[in-house]
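Here subunit A shows up in two complexes: once beside subunit B, once beside subunit C.
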Partner chain A sequence: MATEVGPTSVKAPASGGAPIHHAPKGVGEDNRIATQGRWAAWLLAPTIIALSVVIVYPIITAIVMSFQKDAGLDPATGLFVEGGPAGFSNYINWIFQQCPAPSGGTVDCPPGTLGAQFWSATGTTFFFTIVTVALETVLGFWMAVIMARAFRGRSLVRAAVLVPWAIPTAVTAKLWLFIFAFEGIGNKLFNTSILWTGSEWPARWAVIIADVWKTTPFMALLILAGLQMIPAEVYEAAKVDGATAWQRFRMITLPLVKPALMVAILFRTLDALRMFDLPYILTGGANNTTTLSILVINQIRQGFNAAAALSTITFIIIFLVAFIFVRFLGANVVEQQTGAGKGKK
Partner chain B sequence: MKTRNLLLPIATAGVLAMTLSACGGGGGASSGGNDAASQGMDGRGPITYVQGKDNSNVVRPLIDKWNAAHPNEKVTFKEQTDQADQQHDDLVQHFQAKDSGYDVASVDVVWTAEFAAKGWLQPLKDKMALDTSALLKPTVQAASYKGTLYAAPESSDGGILYYRKDLVPTPPKTWDEMMSMCSIAKSHNIGCYSGQFKKYEGLTVNASEAINSAGGAVLDANGKPSLLTPEAKAGLANLTKAYADGSIPKEAITFQEEESRQAFQDGKLLFLRNWPYVYNLATTEGSSKVKTVLGMTALPGKTGPGASSLGGHSAGISVYSKYKATALDFLKFLTTEETQKFFATQGSLAPVIGSLYSDKDLVAKLPYLPVLKTSIENAVPRPVTPFYPAVTKAIQENAYSAIKGEKTVDAALSDMQKSIESASAGQ
Partner chain C sequence: MTAATSAATELRAEQDRGRKVAQNREKWASGRTYISAVVILFWCLAPAYWMVVTAFRDVGYTYDTSILPTHVTLDNFKTAFDTSFGNHFGQALLNSLFIGTVVTVVSLIIGVFAAYALARLNFKFKYLVLGFILGASMFPGVALITPLFQLFTNIGWMGTYQALIIPNISFVLPLTVYTMTSFFREMPWELEESARVDGCTQGQAFRKVIMPLAAPAIFTTAILAFISSWNEFLIASQLSSDATQPVTVAIASFAGAQPNQIPYTAIMAAGTIVTIPLVILVLVFQRKIVAGLTAGAVK
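Then we have the complex of A and B:
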């Protein structure tokens, strides 16, 4: 989560200096502005260093690596030798599912290679993202509406709802692995004998159920924060005017909670697009549950440079999705915090 | 003016950042080990031994003993996590950084070829030669790459066939015999046979055992895939047939070692292929229903004992070590009879010295040793190749589809063959 919040919180102080532009200008004033500007830059320097070390440098390294070939074996010595520059071949190989042929050149990746899984992994990733985010939004909204009401034991409910979110994902995955085991409680409880992790649709649903269980509370809390921003007077006025509960929900709650809701959906979508631990532990990626992140990790063990290309592709995909959200669906992550003055473009 | 004011600090920041991150870099150069291999061979001094989590406290007492005898060449123990993948990645990072601090590392049998081909392990020949005449052959094979020994076998492991003594009077010697006994399982309403068939490393172990036991091989002597043979086909077909007719229960495709052990201990299986660790748990755990009726025998093959996949670890010397003479002495110390006996009694690790398997004290403590010896003597190392990660994925992916019946055995083997060819073709 921290990486997503990071850039936003950095941006705020940077543009906080903006009002200085509009200050009336005098000679002494000019000096003061210069000093202030220098100070601001020096104060920002540590953040910029930190960001370049932890974000800019790895991304650039990954991109540089993705244009290198992976080390190949020298048949004479049996030792690995550097692959040399690759151009775009790593990217092309992933996208067109091409694998090196024994006789030189490339062939369509045979089933059993990671290359053959690129498009299915992309499909799986988006499938998981769409289904889990949709379910989490609906359930999260419902939970938020309940939690927003005043009733006895409300704080207890709020705390209890957070429990699944507080458990580390890997632990959640192990927990559900036991539940979904053939002799596990899932099958015992419903008197079924489903191979949850052994066939395609049950395996996919197992991942979806575990993910929804884990992250709905996160969604609920973000939506709850949005709900509580809505003044009670608006509802009272609507009631006086004779609006039904459904009308109040549709005409007041939904539009007013939309900004918070969009941010919540954006965060969850980005999170779901890089889903790794749950399917990795639950199914090991078997039965069409291999996501892009799992593919990256598997590829790292076989060759860094092709893995770098794949993670760059994943990065671009996630970036595009985020861009679409912010640009076209009005998820105002950044602008809201830098002041409402700018408004929407 | 303002731009210039801003530029200086930001430029400083940028330069600093690059300097900082340069420390973390240095990856890439992987074949630089050749010169390093000729250096430090006479060096003596303190060294570090790197190994995964020491669960049964074997390594520390051994190192204490070594240190008492060698006050000027002390060994420090660097303990890694208990996850094999993390141990592998940790070693790769340190070797890539040419870290002279990782002198001796414990290497899983399936990583040896990869590390050797990367030029990270000191070849144990000429001045650095190690006497392996007393060691079990398959363990030496698994520590060699292209005919050169790269690590000292440290501990071994092999598959054992567990069976129900109360239901099976004489254990099966061949796969067909075992399958013919499945009627016994049926009449008692339990599953007949299981190994580990979930899509993970265990499936590679089980599938290669099936192929090797039927006389086939995943890779030939030159490291080229050789899966398009009638033997390989017969081997994989044994598994798919047994799964299709229910001799292998359908839930077995979700089994790792622990799930299959649990099913056997609950009395739900007639035969189980697993590692030696099952013996202790199945005979001592309170919930075990097979405590008194646990039988052990070698894995079934085509006409006699089957070919188990080999597990275990070897100790390799990093080419970047400065004190290789000390390191070699430490390797010799690890393979002495005394040390090996200690490994077995203290940590239940299978010894790499053949004669210990008939040692009376040891057999009294670990009754599975004679069976295990047959298993290891007939064992075939998992495919020895620097492309192991890709090879194991190719086997898992296709064997899994074949067992589930989504692919014919022929198609699975031909895809396996092509995938392995492609992986070894490099780029």
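Then we have the complex of A and C:
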């Protein structure tokens, strides 16, 4: 760790607008922070402006759009309508699965239409997220523990786990599609004859297996980095005190690796909630593998505004999950980022 | 006397036994470690190996399941670049290179300043800015695509390079900023001050001391940024045209001679071409990349 000095020390009040009230030095410190603040503003401006243009502006536009009616043929009159304010009708369309009826008013969306798929897509998205993140956490932890041990060939293993990570998701999807082909190596290896992409559960498991293969390495490397920050002496002391391997794992490894683990789980969860490429290419969203992201994409060409409402709902869901993680499960990303946890090491 | 000797022998025997048990346990433990390592190697490498083997296999033997390479041919690579079935793989490779390079360079130039400020300076709202950038990196792509789709349709940007590059920057820039911030925080900045004391100007200190030290960090971040842009699919699948599509889209929509037969061998060849440079890059810079990947999460 770099031993930083003066105002750059992590222990200095980083977000401190509060003036420091001690003697003559305080004035200089204030000036220093003010100067640095001015510098920081200039240096940060390009990034903030760029992100505002490419993220904040589209978000606001999407929210505005979601309250507009899609232009199209009015089912009641058969005439072309321009759109206009829609109130919450786009949201009602998704959440209560109500579609406009030809006679005016709304009816339950007929099965098969996109409007009828919101809850099943939400369910699928959460199912994928929970199962993949759980599997990745367990497998990733196991891989990390192995990679943390000293043995010959360790660097080979550490290099090998980067291979699935480096393969683009689109290629991963096609590769697993081939492995899961009816006459493919997957069925041959397990001596089965499953039509993997042909029905609900095989298709879902195909997506899950491919996703776990692709992203476990990332999890494993994050956990490994956390493991390596635990000093070896702690383990030795515990050994001397007669702690069993299981006790050492439960009382030392888990609590000390928890901050890194929580951040890894948070990153992966948010990533899984927006899953798109893999199911889109692997199954095309057929057989109940349509995630929320796929549903948005399918909706775009049928009406921007309804799609905007759905993408806003997706955004809110992801935001809420992130909030729960940070607020209640203690995944303090910003603290980790700013190095406030550094002192603990 | 005999009692004492026998007690001593017994003790020694006991110790020997104890040592043997410990040795055995150690051997057993390292044996298990090796078995686990082999399982990990197989799980990570076998599918990738299968892609390469299939890429070199004659199309007539697509579903051959022998583990070693059989019916080896280079035809699939020719098929991958063939444009007669409406595929544009060669063009797509160039597009991905171009988009990836622009996105990486722009993100680095913009991001390096922000990272310097976040790592080195003290200012109000630092946490707010960090939270904003981290939030941006976890932002769902679909939330951007709808307004961008409409906006780009209205201003006639659909299928242009800028329509692909601009949203891509929104994904890559936050990643660049927080990776570089972590790297910068670890750098020995005292050297900059020492250089000043030794009579360098601030500019000289930056050029001659800091830049050479920061170069590896910037380079690693560039690799991560490029890989991230190279992998992008969601935005590109909706906003690109045949002329501007990147490789991910080209591979996802790869068509064969028969409409209902997926040309797996050619797709695996294309996949191999797309993947091999990345894998080599990643293996060569393994240490740096792992440091960069995990920089945001621990420390």
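Keep this in mind: the second predicted complex is superposed on the first by the 290 of 345 C-alpha atoms of A that agree within 3 Å, B and C clash if a C-alpha of one lies under 4 Å from a C-alpha of the other, contacts with A are read in each partner's own complex, and residues count from 1 in each chain.
Criterion: contacts are C-beta pairs under 8 Å (C-beta built on N, C-alpha and C of every residue); 3 or more make two chains touch, one makes a residue touch a chain.
Being a predicted model, the structure only gives us computed values, none of them experimental.
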Clash or fit: subunit B against subunit C, after overlaying the two structures on subunit A?
clash
Can A:Pro100 be said to touch subunit B (first), subunit C (second), both, or neither?
first
First (subunit B), second (subunit C), both or neither: which does A:Gly37 touch?
both
Could you look at A:Leu135 and tell me whether it touches subunit B, subunit C, both or neither (first, second, both, neither)?
neither
Would you check which partner chain A:Trp213 touches, where first means subunit B only, second means subunit C only, and both and neither mean what they say?
second
Once the structures are superposed on A, label A:Leu256 by its partner contacts, choosing first (subunit B), second (subunit C), both or neither.
neither
Tell me which partner A:Thr113 touches in the superposition: subunit B (first), subunit C (second), both or neither.
first
Scan A:Ile48 for contacts with subunit B and subunit C and give back first, second, both or neither.
both
Which chain makes contact with more of the residues of subunit A, subunit B or else subunit C?
C
Does the superposition put A:Leu195 against subunit B (first), subunit C (second), both, or neither?
first
In the overlay, answer first, second, both or neither for which of subunit B and subunit C A:Ile146 touches.
second
Subunit C stretch colliding with subunit B in the overlay (listed: 147-155, 165-173, 219-227 or 291-299) is 147-155
Shared contact residues on subunit A, subunit B side and subunit C side combined as an intersection?
33, 37, 41-42, 44, 46, 48, 53, 57, 61, 181, 183, 304
Per the contact definition, I'd like the list of subunit A residues that touch subunit B in the complex.
33-34, 37-38, 41-42, 44-46, 48-49, 52-53, 56-57, 61, 68-73, 78-83, 86, 89, 99-102, 104, 107, 109-114, 181-183, 193, 195-199, 283-286, 298, 301-304, 306
Report the residues of subunit A in contact with subunit C in the complex, numbered from low to high.
1-5, 7-8, 12-17, 32-33, 36-37, 39-44, 46-48, 50-51, 53-55, 57-59, 61-62, 65, 142-143, 146-147, 149, 151, 153-171, 173-179, 181, 183-185, 188, 213, 217-218, 221-222, 224-226, 229, 259-260, 263-264, 267, 270-271, 273-274, 276-277, 280-281, 292-293, 296-297, 300, 304, 307-308, 311-312, 314-315, 318, 322, 333-334, 336-339, 341-342
Could you pull out which subunit C residues touch subunit A in their complex?
30, 33-34, 36-37, 40-41, 43-45, 47-48, 50-51, 54, 63, 65, 110-111, 113-114, 116-118, 120-136, 138-151, 166-167, 169-170, 173-174, 177-178, 181-182, 185-190, 227, 230-231, 233-234, 237-238, 247-249, 251-252, 254, 262, 264, 267-268, 271, 274-275, 278-279, 281-283, 286, 289-290, 293-294, 296-299
Name, in rising order, each residue of subunit B that touches subunit A in their complex.
1-2, 5-6, 8-10, 12-14, 16-18, 20-21, 25, 27-31, 34, 85, 88, 116-119, 145-146, 198-200, 250-251, 253-254, 259, 262-263, 266, 386-387, 389-390, 393-395, 397-398, 400-401, 404, 415-416, 418-419, 421-427
